[in-house]
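Structures for review follow.
Two complexes are shown next, each including subunit A; its partner changes from subunit B in the first to subunit C in the second.
Showing the complex of A and B:
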């Protein structure tokens, strides 16, 4: 009994770790490559553990390239998008859940409908609109563009979180003397907070990683975010700066890794709750 | 003086009509119970009074003031929700203090008020817990505490004792009666529990399908149910309901129940039936006498409960439920003599269900309960 069970456990562990290794290999390789001296890069046979460790690529990236500006752009972009989406999404989701008005369900369904349009179809009209508005080539235009695709998804997600907050809680607050806004702040927000945080994280990640819109809508170095900036700077038709690219990739990943490390419980808890009730 | 008035209030949820037309006038300082089967519109009535649902038509008044367009917070009420609706992220203390905070009670006064409510409800040791760390009954007491911490114009209580054990429930019942006497506030109390309604209320509003069936004192409801629904609903075990016919015989009404034939007192009915009248009669278990009388009944089942026994008997073609003293010796299958207390037989029109008894003597004999 016991030995058999132990061996199956061991086998399961082995398979799991094998999978983890397989999946994380590119990430490990990315980190390893970023600290490998240029000379070692194309050695055959390749070495798994670099013989010497160097941070020259990082230093070069930070000192000699606009990497930091791109990084700031991405930060501003992802943060503003998240704030806009969460503020509008939270209020919108609340309205979809609590108020009854004509066409409410249709509206909610239409929100999802927007996903049926491929983004490629939307990019050019959106770009032309931005030109008309005088916003072409600005971070603002990207915030607006990202909001168009992050908001529907956030609305839908937040709606299911809000629906999970019992209506009687709000009723009780109203009877106890709160205004509608007061009840929303005192009772609904704290209850929906895990959902709001997880939606915010996903929006942030979405905006941080976005490439296509950024590529089409912004072509000035002043307003480029990391994704297109790094590509533009390090990948040309003639050459790929592998070491710099890997160093840039590591630094690009750091904010997301921090998010996952500290707020992972919110992500899983939030999605668990939303899933059950939605 | 805080009266509560529903004037032709209608409530529909889309197509579904929950309350067709409700007229209810509650006097100041009354303790009124809304009693009725599940889904009859009790909670909906309370929610409209609280301002949480907008009536489809009609007028609701608290005192002299029409409150249809007042927000819940402007109505100065306190409410216990059927679902408790405790704020999960606040401690018991914060939950109870929340209405005080929202109503601008000075911070210095709050702890004493919270403590008083907690003492009343035996919540002292639980004040720092979160609602999810409490049992159902404890949560319900917190909900009650949150309502009782203030002195609003009207208290609305939606089944506030449903989840308490029998002992605590009896205790809280007494506390609420005492509280009502002390505060003299108008209270509207929703319950499924007849015993609660009978013991606590100054008047009971019996509802069914959104319609008010009878609004009267507990004694009146018990002794003079206004229709067959109230007759069948009030009383445990419930009354025997049977279809019969009444004809006049030499100036006296004669009731035919299957093969039984009973002569009723001459002044029993409010109107003399023309020819044969189709009626439904109701008889309380304690208004049936066994061991005497002219009818023969067959004992079907005996359910001893201790101080009394509930006996099911067949007489004629009618099955009666009878209440007898616990020491009465009866066996299933036995044939016994049986009689009905004729003056206590409730007679209703079979089609409309309306009460036909004259009830004049009884009306003056019943003491009207009041704590005021």
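Showing the complex of A and C:
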């Protein structure tokens, strides 16, 4: 390698990694704050590197706050939403991709349209609906509300994954005497499985991170998910304990880190297929 | 793309059974979407014609009175202006940072996939987490940001990041850019990897430098994906609620109150559900143009 070329690569490395660290600094700071002793926190001037590491904030979070309750609620909520959406969405996507009937294209366009709708438009009628059904303050109301964005999203992603399964495979199964449903289960599902799994994980993230519906529909600790629950800890506390909140933030992000590790290879496909909600 | 052998115009019994099966498979989706989207959407338009008091849910018909009130108020136009400022500001930063970062990450650097994951992470954490972290960074007494700025001599007093203008708007725009620019990075990065190497070689032979290659080769190739990304992000930033609501709550003195915040405030703060629905529908009308352009483009290059 020529010396000029090598120094360019060095420079590219330095600039890129410098920026990467700058971008991740807030996340690093979250972790640092969460393991810092309370006494060190309010030093002026603050030190960047903690002198001692402690897990007292995590212990306090789990023992003295309703954090675990919120965590469980979020788990149940995100898992239920994902299951409902993936089952319904997989059948729907298969229908949109491999069957022909009147209005199919219009339907596909409508799904994309609903995916772009602002939640604030739907939230008032949905809130009234939940009150009428007696579902206000329940996790069920949130699962129902979350399908408004999760189902169109999953359907759109799944549609593109299913369209990628070679049609010949299905035709071959049909020639061999399989029924459409048989071909779906034996041929399409296994082929589309990676796509289905990544769609499920993306859907889980969406539900896990949702805030607005949870804010409006649920007003009791019994059914409060993490997003509104942790925010509530900030609002209702007398003096804000930032290390506790940072510990909560770390804990809240752990499932995402795990999912993220799985998703690495699917990221670009997921985005190419219509984008991740933001 | 989905034309199968059985899809010609002539309909035999098997085809009809297939069509029936197809309809049966999509039926749950259609039913759910009708119940949670179509019905609420129509209902929102209907509600926007009433005056409703939230706690009792009692209402009276006011017809287009709400619309006259909304379009005649400075609140709506002010919030629209704020929404446009926020959207344009944060979108601009997202695109510039996003494209730049994608170009850097497309190079052969050490631990490239780790670098990519770190850059993408802000997009995946919950907005609640993002806001908590930034409010801690912005903290007036113990926040590290003001402290660092003081240490480097940029300012000599802690900065009030969220409590006064124009700081509050700038902070919201900046945090929005930090949270959402990875979306641009992923989309652009995916596209960069498919640009044929020959194009760059040809440009180099023609004597193009680094910038020449960027403007003559890379940018035209990115045009398509950037159009889609800008449309999507415009729609999403325009309707963003969580980030702004949690960072500033619309303050100081409604200076960062965007349209989604007004809807929430009217419905659940001021208990005016009818007017809130009117704001929501009006906001949707503004967004409709972008949504239709996106739909048109997305369908033209459907999977």
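Here is the rule we go by: the second predicted complex is superposed on the first by the 256 of 278 C-alpha atoms of A that agree within 3 Å, B and C clash if a C-alpha of one lies under 4 Å from a C-alpha of the other, contacts with A are read in each partner's own complex, and residues count from 1 in each chain.
Heads up, the rule we're going with is that contacts are C-beta pairs under 8 Å (C-beta built on N, C-alpha and C of every residue); 3 or more make two chains touch, one makes a residue touch a chain.
Keep in mind that this is a model prediction, so the values were computed, not measured.
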First, second, both or neither for A:172, with subunit B first and subunit C second: first
In the superposition, subunit B vs subunit C on subunit A residues touched: C
First (subunit B), second (subunit C), both or neither touched by A:49: neither
Partner chain in contact with A:147 - subunit B first, subunit C second, else both or neither: second
Which superposed partner A:187 touches (first subunit B, second subunit C, both, neither): first
Contacts of A:253 with subunit B and subunit C, given as first, second, both or neither: second
Partner chain(s) touched by A:24 [first = subunit B, second = subunit C, both, neither]: second
Overlapping contact positions on subunit A, where the subunit C interface meets the subunit B interface: 171, 180
Contact footprint of subunit B on subunit A as seen in their complex: 166, 168-169, 171-180, 182, 186-187, 190-191
Partner subunit A, residues of subunit C touching it in the complex: 1-2, 4-7, 18-19, 21-23, 25-26, 28-30, 32-33, 36-37, 39-41, 43-44, 47, 57, 101, 104-105, 107-110, 113, 115, 117-130, 132-134, 136-137, 139, 141-142, 144, 147, 151, 178, 180, 183, 186-187, 189-190, 232-233, 235-236, 238-239, 241-242, 246, 260, 263-264, 267-268, 273, 276-277, 280-281, 283-284, 287, 291, 294-295, 298-299, 302-303
Interface residues, subunit A side, partner subunit C - complex: 9, 12-13, 15-17, 19-21, 23-24, 26-27, 29-30, 33, 41-42, 44-46, 48, 88-89, 91-92, 94-101, 104, 107-114, 116-129, 131, 144-145, 147-148, 151-152, 155, 159-160, 163-164, 167, 171, 180-181, 205, 208-209, 211-212, 216, 226-227, 230-231, 234, 242, 245-246, 248-249, 252-253, 256, 260, 264, 267-268, 271-278
Of all residues in subunit B, those that touch subunit A in their complex: 47, 50-52, 71-73, 77-79, 81-83, 85-89, 98-99, 102-103, 146
